[in-house]
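Chain nomenclature is as follows: A, B and C, assigned in order of appearance, with residue numbering initiated at 1 for each chain independently.
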Amino acid sequence: MFGRKFTGRRQRLAGVVLAVSSLVALAACSSATDAQSKDGKTTITLSMQNPNVKTADPATWAIVKAFEKANPDIHVEVSGQAVAEHLQALSIAAQSDTLPDVFWVYKATAEDMLKAGKLMNLKPTLDDLGITPHLPKSTVSNFTAQDKIYGVPYQGLLTGLWVNKKILSDNGLEQPTTFDDLVNVAKKLKSKGIVTISDGANQSSFSVWSFLVWLDRFGFEDKIDAILDGSESYDNADFVRMYEHIAQLRDAGAFASNVSTQTYQQAVDQYLKGKAAMLDAGVWASSAIQDSQVAADTVFWNGATFADGVGDQNIVMNVASAPLVVDHKVAGNSKKLAAVKKFLGFYYSDAAQQLLVDNGQPPVTDYEPKIDATKQSVLKSALDVARDPKLASPQSQPDLLVSTAVSSAMYDSIYGVIQDQLSPRQAVDLVQKALDAE
Amino acid sequence: MTISTPPAGPRPVTRPRRRRGLIFTGLAAYLVTFLIVLPILWVTVLSLQPSDTILSDPFSIKTLTFDNYRNAVASLPLLQMYKNTLIVALASVTIGAIVSFMASYALTRMVFRHPTARSSLRFYFLAGLAVPVYVLLFPIYRIDLALGIFGTYAALILPYIAVSIPFNTLLLTGFLREFPKELEEAAIIDGAGLFRICWSVVLPTMRPVIATILIFNVVYVFNEFPFVSILINNPDLATVSLAVSKFQGQYTVDYGGMMAAATLVLLPQLVIYAVFQRHVIAGLTAGAVKG
Amino acid sequence: MVWVSSRWKIALMLAPALALFTAFFVYPVGYAIAYSFTNSAGFGGAKFVGIDNYTALLDDPFFWQSLRNTVVILVVSLVILIPSSFALALLLRRRIAFAGGLRALVFGPAIIAPILVGLMWVFILDPKIGLLNRLLEPLGVGPIQWIGGNSLTPYSVSLVFVWSSIGFAMTIFYAGLQLVPNDVIEAAKLDGATSWQQLRHVTIPMMRETFAIVTVLLITNVFKIFELVYMLTGGGPVHRSETLVSYMYFVTFTNQRYGSGMAIAVVIFVLGALTSLAYLAAARRRSLA
């Protein structure tokens, strides 16, 4: 009975499968286009931390398009992935020495890459172009290591809290200035079921910008060198006090009940929908706020001051963000080098800086931008605070001064207290452990 | 003897009781299926909502819109992506199935001089099941560069084949072991060679398992993300799973766009699967009844 | 079978799979194992540090937390998934209108990319914006922290894993049921066996290998769960809901401790392989007894 079965039936499926597979194997050998030259154009690759640069990072996109228009012989191939994949792809590429020509990367990773000889020294180029004097001194020194300038500021990192004045006044509250004011606001709003500070930890544990400013209000800048060389501990009375203040704010009900499952984007949305009084973010959120229903009510706040803080309390975090860096191989390719040089020259020109501002970003040079006070009211309120002569800025954001492992421990320590997972002591201990592991 | 037949339930029972039993099982089947499909329906609803409504008021009816689909279709080179995915899937899945079948046949049917060689070879393949794929990313990137295939379809096809081998081997050796050998022994007596045995005797009877493998492998290739995101940096070669990720940015997520793109990816897969599996099972049942 | 088993024929049959698998799978794994003994950051120089990465894990509370979570997910998933997917395969074998369509729909979740499965379930399980709590609210059930709280996350992840795997397991069972010879069942029926007895004493014993396949696949898949957790909670709050792979991802790519990450990967590999082997050994002993 078996014989009848198999002689009677032919296997068409299998035949088709084999034919297709051999065809496809041939097709598989056809290779991708050569990126080096397209109709005699020089191509440089620019790799960013957004999968769709055109929509997610319109400022960069506008600069690239304007640059290509001004330099028809150069093609900028823009690519990008979400931060996690972008960093993963970069570290794999660095290992095989196949980095893109110009790319966005965290400062700590950039310094590791510099140590491994993967990055080009931009100092001669920048001096040549005369850009250096127009950049803030702190930025240049931030991106300098081993006497080399390895990075240039991509966009400004102007962070703090966006405040919805209307929610405050509707509840009979005033704009807080001190920490005690803030706690009172949180208590009052909690009783009304309103979130005071919108934060979201899911896949965005780094979204603790306003609390990184707190660290600087408790003497981080003075301590960090000693902490890094081991002569001072992260587990010190000042920092413990700072984390205790986070706990107080948490107990006052300042945060959303789903702070651990919502993402940063959801936190932003919460604010845009008028469901939170403040948003922990930075200037990059200004465009979204401007387009939302809360635009007219929003002002920028540099954060609470502390009576028991350490050092200057009148600060605003206005520093350079993660840098743009250049692959070391560009230096050996004269055409590419010339193209990259032109690109950098353009990026820090007044025209390009105005493009940043037009797209809701602060300029990163000393350029005085033109701002439309009504159409860009949100951005303007942030830039006004940044330019307030009474406020100083730290040299850098605290997480940018340590390795990635320590910075993620810092984020964890802050969210750990916000989510009531860690006591202030455990929080500082977590960071100290990460430092010890270095 | 037949390979299979859809069971008809207990036969000699009285008619009304049997019908009541059938209605009950039918209802149960529909209910369970509905519960399983519910989350997918929910996503379809969400994909018709603007991104901000998804977060604030997903039940809202008056905001329903096809904008997400319009955006997804406008911003994604859908044809190109499906073409890429199909090329990669067809190549890796067919080659993967063939080489796994060959190896599995050798591992279950052929006589090894050292009996332990067989079991240790099988274990060698199966151990691959326990490896999280993120371990493979760095080294495979380097191999692709060294072979000069980085940036081509082959850069994805070869690792996909390798990754499918443990799963395929597990399934094929498992079913081959359970499956009676008499058929092949009869063919050998008829004077058939190795190729004819595999091609005309074993493969036909393995159809349901082969179908299962093909389906699972195709699904894997459609959904695979870690490798594509590392090994394909040319947007012209991007597969559909890369497409969905395009809606996620550093400080933004277009939830509506993601849901719409997901639905666009999902629906054709479901349809293909529905058609494919019915075909396979129909052919199988027909063969069994006639056999 | 000896006739077709000349040495070169065996070699010919095995060679393609062996070559591909060794080059693109075994070599990379060896590479990862080698790097688990270094302090590599992924690029630049790597220094040999012996078993430091492994001893550091013993001291790492997040590692133990992620191991505990993985074990919880493993146990919960297996206990629910194996019986329910087998029952579903039996159910969908019945003569039901559109049974083929139902099988396709049940398989649906298995087709969805894990990253999207995670995203979908965020909109169901999230304590604030999720469907589940929105539906429970009118019933007077307070907001439950399905995900992101202190205790429920691993169970919620198990639930989502069961959902996404049930069609997959059901399909393998279904294919296995097709291969059970019908005459054996007929013989049992003639002997007057009830449906349950047929199932218990004929079908299930004949499908031992299929059960083994499904169980091993599920065990190894549980040890690979990543995207679900990544989307649902991002591992939080503060790594409390991390699984082994999500924690490995965090250490390798977020913290850029490639060496330590690979050490976790080796642990995952060893645990996954050992659990599968232990299961197979137990199953074999039972079948011999």
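Keep in mind that, in the parts below, a contact is a pair of C-beta atoms (placed from the backbone, for glycine too) under 8 Å apart; a residue touches a chain by one contact, two chains touch by 3 or more.
Labels paired with UniProt names: A = Carbohydrate ABC transporter substrate-binding protein; B = Carbohydrate ABC transporter permease; C = Sugar ABC transporter permease.
Keep in mind it's a predicted model, so treat the numbers as computed, not measured.
Taken as a contact graph, with one node per protein chain and an edge wherever two chains touch, the assembly is complete, since every chain touches every other chain. Relative to chain B, the most remote chain by averaged C-alpha coordinates is A. By number of C-beta pairs in contact, B-C leads when B-C and A-B are compared. One inter-chain figure worth recording: chain A and chain B are separated by 38 Å, centre to centre, where each centre is the mean of the chain's CA atoms. Chain centres here are Cα means. That of chain B falls 15 Å from that of chain C. Under the contact definition stated at the top, the residues of chain C that touch 2 or more other chains are 42, 129, 258. Residues of chain B in contact with two or more other chains: 1, 55-56, 98, 138, 245, 255.
Annotation for chain A: residues 88, 92, 95, 263, 266 touch two or more other chains. The touching residues of chain A, when paired with chain B in their complex, are 1-6, 8-9, 11, 13-14, 17-18, 20-21, 24-25, 27-33, 49-52, 55-57, 79, 81-83, 85, 88-89, 92-93, 95-96, 98, 263-266, 268-270, 272-273, 275, 284-285, 288.
Residue ranges of chain C in contact with chain B, taken from their complex: 1-5, 7, 9-10, 12-14, 16-18, 20-21, 23-29, 31-32, 42, 88, 91-97, 99-116, 119-121, 123-124, 129, 131, 134, 163, 166-168, 171-172, 175-183, 185, 189, 195, 206-207, 209-210, 212-213, 216-217, 220, 223-224, 226-227, 245, 248-249, 252, 258, 262, 265, 268-273, 276.
Here chain B touches chain A in the complex through residues 1, 52, 55-56, 75, 87, 90-91, 94-95, 97-98, 137-138, 141-142, 145, 150-154, 157, 182-183, 186-187, 199-201, 203-205, 207, 229-230, 233-237, 245-255, 287, 290-291, going by the rule given at the top. Listing the residues of chain B that touch chain C in their complex gives 1-11, 22, 25-26, 28-30, 32-33, 36-37, 39-40, 42-43, 46, 54-56, 58-59, 98-100, 102-103, 105-107, 109-113, 121, 124-136, 138-140, 143, 158-159, 161-163, 165-167, 169-171, 174-175, 177-181, 184-185, 188, 193-194, 197, 208-209, 211-212, 215-216, 219, 222-223, 225, 241, 244-245, 255, 258-259, 262, 265-266, 269-270, 273-274, 277-278, 281, 284, 288.
Taken in their complex, chain A has these residues touching chain C: 84, 87-88, 91-92, 94-95, 109, 112-113, 115-116, 118, 201-205, 256-258, 260-263, 266, 404-405, 408, 412, 415-416, 419, 421-422, 437.
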